[in-house]
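First, the structure itself, so that you have it in front of you.
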């Protein structure tokens, strides 16, 4: 089973949590893309009815529209029943790092409010502690980028402003902000760090998702494994 | 002494904290406007040299340019020596509510980083506790406005989306976001509340400024009084 | 018949152009608000089915949601069948000035693409030529505001940056831009002027809507009159 | 002479147009980066005095700050004396295509207003007609992307929404908009096409720069050649 197959397997597994009349938070990234595709197939076959997706990004919205999954915005719904998204790192307590796709703020806005938040990853994303391999993406108000970059050195973080590849200069998020990628040594207390980063003036949101995930579906060579809180 | 005279008196008093070669955070609102005007006069007279202002809003920037105060952006300076701004409420411990002018995020970004943050108010702004008279303005990502509005009811807040007068629909901030004005009963622990509000996904920043002000200059009928931490 | 009655009368009349299965562009402002209300009543009664609204602003979106009119975004539809909106001025050839509500860019984006664009006004909005009473609102990239303000003097326009009332400093549009209100002497050729303004670098869109309106419904003391191209 | 050497050669040559007390528009991209570096060296040596740069993007601003070139914003200056920038294509009449770096709107805002606009390219950028090799980048309001994409087929353009590499989904510009890259067959009349594209509601600006460049400095294997209007 290669990585693409693992992604498909967890995306398929996630479908089991979806029922008629649900509002579903649609995550951003390649694994969630499979989920949107498979969700669409069930809808087309008539196996799922009255499904509405709330996209966490333009990528998710465009995909859902292409596949014919009806989309609505967060302010059009009363509640999110289930949210499905990928992650960059998952620790043993189901704390996450997210944000490689620069959609972390809208992802957290939606997934924090979901009745059940299901995370889809392959086994390479499992870590012993957060920041083992990946930096924490931090969304910041553009005017504050340099001040925050310097202040992150207090945390012993190697931090840098994320630069674009199809755009000169910094990546701009869908909220009009910048992303700082901060590689901390080792995050001992994810919830504490998540709050601490958010209290820095100029930080809009950060990629630590502590205590939010309910279920993590892990694609492994031996099949899909389930982690639960 | 009427209110305008009080504003002028505190603005004049604030000048005593300004020295040559300083970088000054320039607040938003009518009292700070006087400060910018008086600062300009001292610069024109040659009584102050090598002064640079870092505006907290377009209003402050436009005023500074009109008056000939050189302006730079936050990422162009190494540090803010002094910041000067108004407030909507000041409690006995120098905690503030700010944000009636919708510039709270950039104000906090700059004033939090100032060596000395001087607040200019008239005596009507002094309160026994925060939220005695004024609501807390909260800057939110537009897509999250409705969810956050509902969640604020947990805090027993009377909250509403701020609507424009020269623009149909919601006021839009200079960061492209909305403002929710939340009237809480009584804020017992401002720092705690400030952090709690900022941890709500979709909240960019809020108008509680706890433990940031160093000096409050209060315009009273008997003259300027000084509060200090 | 007072002005509110006229607004209601034209809003009612506009309903006659709406049929089942239509996608309707929902304008911004007080007259369109009545239209959204009446549209909702017909939908609730079952007299109209499969109606989707495409709002031109957050104001229109919030109203439509309150009244239970299903809303979708422009990129979710194949076409706009009918758009309904107000105007600040209407000349005898159905050219318009719009933008007092600061929503002109999204309004033009949607109304330009509507199969039929219906304008709702009371008779005080009828003028002999554009700019007889009202300025042309021009949406500009913030960094360019001062340069454009100066350049508009070439056109003999009295132009000013629109300032907020519930926000200090300039009004910010839902696209993150500023509005310049430019009072020209008399606009002889609206289409020509509309194009000329849009070619100024930094101008996003302007409030001249030439050759776009199909039908204008005018509320008068004697009842609703219809202008058509 | 390889491409990097050509870029350096034209950047050096451009310095000959810079004098004391000038305000200089600083373009975006790799060739202009050399210009900013060389400009800085002359300033450090004291060979140029009272130089202010007006950056066309965050990339240019960050570079200028790193190299110690004083930067101001467009609304802080009365005029731009000289602007220096690269281009993606240059036709024999000095018409340009720009925008590969997604900074086209601010570039045009500044360069259109420059007393002298100097373009720096290597010889691979010279074409017989615009769109010979490169598409025209078009900055659009996000909500309008799909409608505009479809409408561009009227022009026989192969158009696509530009996707990010360090951000999932569409690239976002520093104005919060999207970029559509439109490959037209052959642009016969650049000025006409530039205006026509800008009149499409939802188009903020496009990458055709007709009749704006004053001087093009071309890096060739035989040295720098100069094209002039």
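Remarks
The first chain written gets the first letter, and so on, giving A, B, C and D; residue counts start at 1 in each chain.
Definition applied: contacts are C-beta pairs under 8 Å (C-beta built on N, C-alpha and C of every residue); 3 or more make two chains touch, one makes a residue touch a chain.
In UniProt terms, the chains line up like this: A, B, C, D = Ribose-5-phosphate isomerase A.
Note that this is a predicted model, so its numbers are computed, not measured.
Chain centres here are means of the Cα atoms, and by that rule the chain farthest away from chain D is B.
Annotation: C-D is the more contact-rich of the chain pairs B-D and C-D, by number of C-beta pairs in contact. The distance from the centre of chain A to the centre of chain D, each centre being the mean of the chain's C-alpha atoms, comes to 35 Å. Rounded to whole angstrom, the centroid-to-centroid distance between chain B and chain D, based on C-alpha atoms, equals 38 Å. Taking the mean of the C-alpha atoms as each chain's centre, chain C and chain D sit 34 Å apart. Touching two or more other chains at once are residues 73, 75, 176 of chain C.
Judged by the touch criterion defined above, the protein chains are all mutually in contact, each touching every other. On the side of chain B, the complex with chain C involves touching residues 28-29, 57-60, 62, 101-103, 142, 162-174, 176, 179.
By the touch criterion given at the top, residues 73-75, 105-106, 108-109, 112-113, 141, 143-147, 175-176, 194-195, 198-199, 201-202, 204-205 of chain B touch chain A in their complex. Put simply, chain A touches chain C in their complex at residues 61, 65, 71, 73, 75-76, 176.
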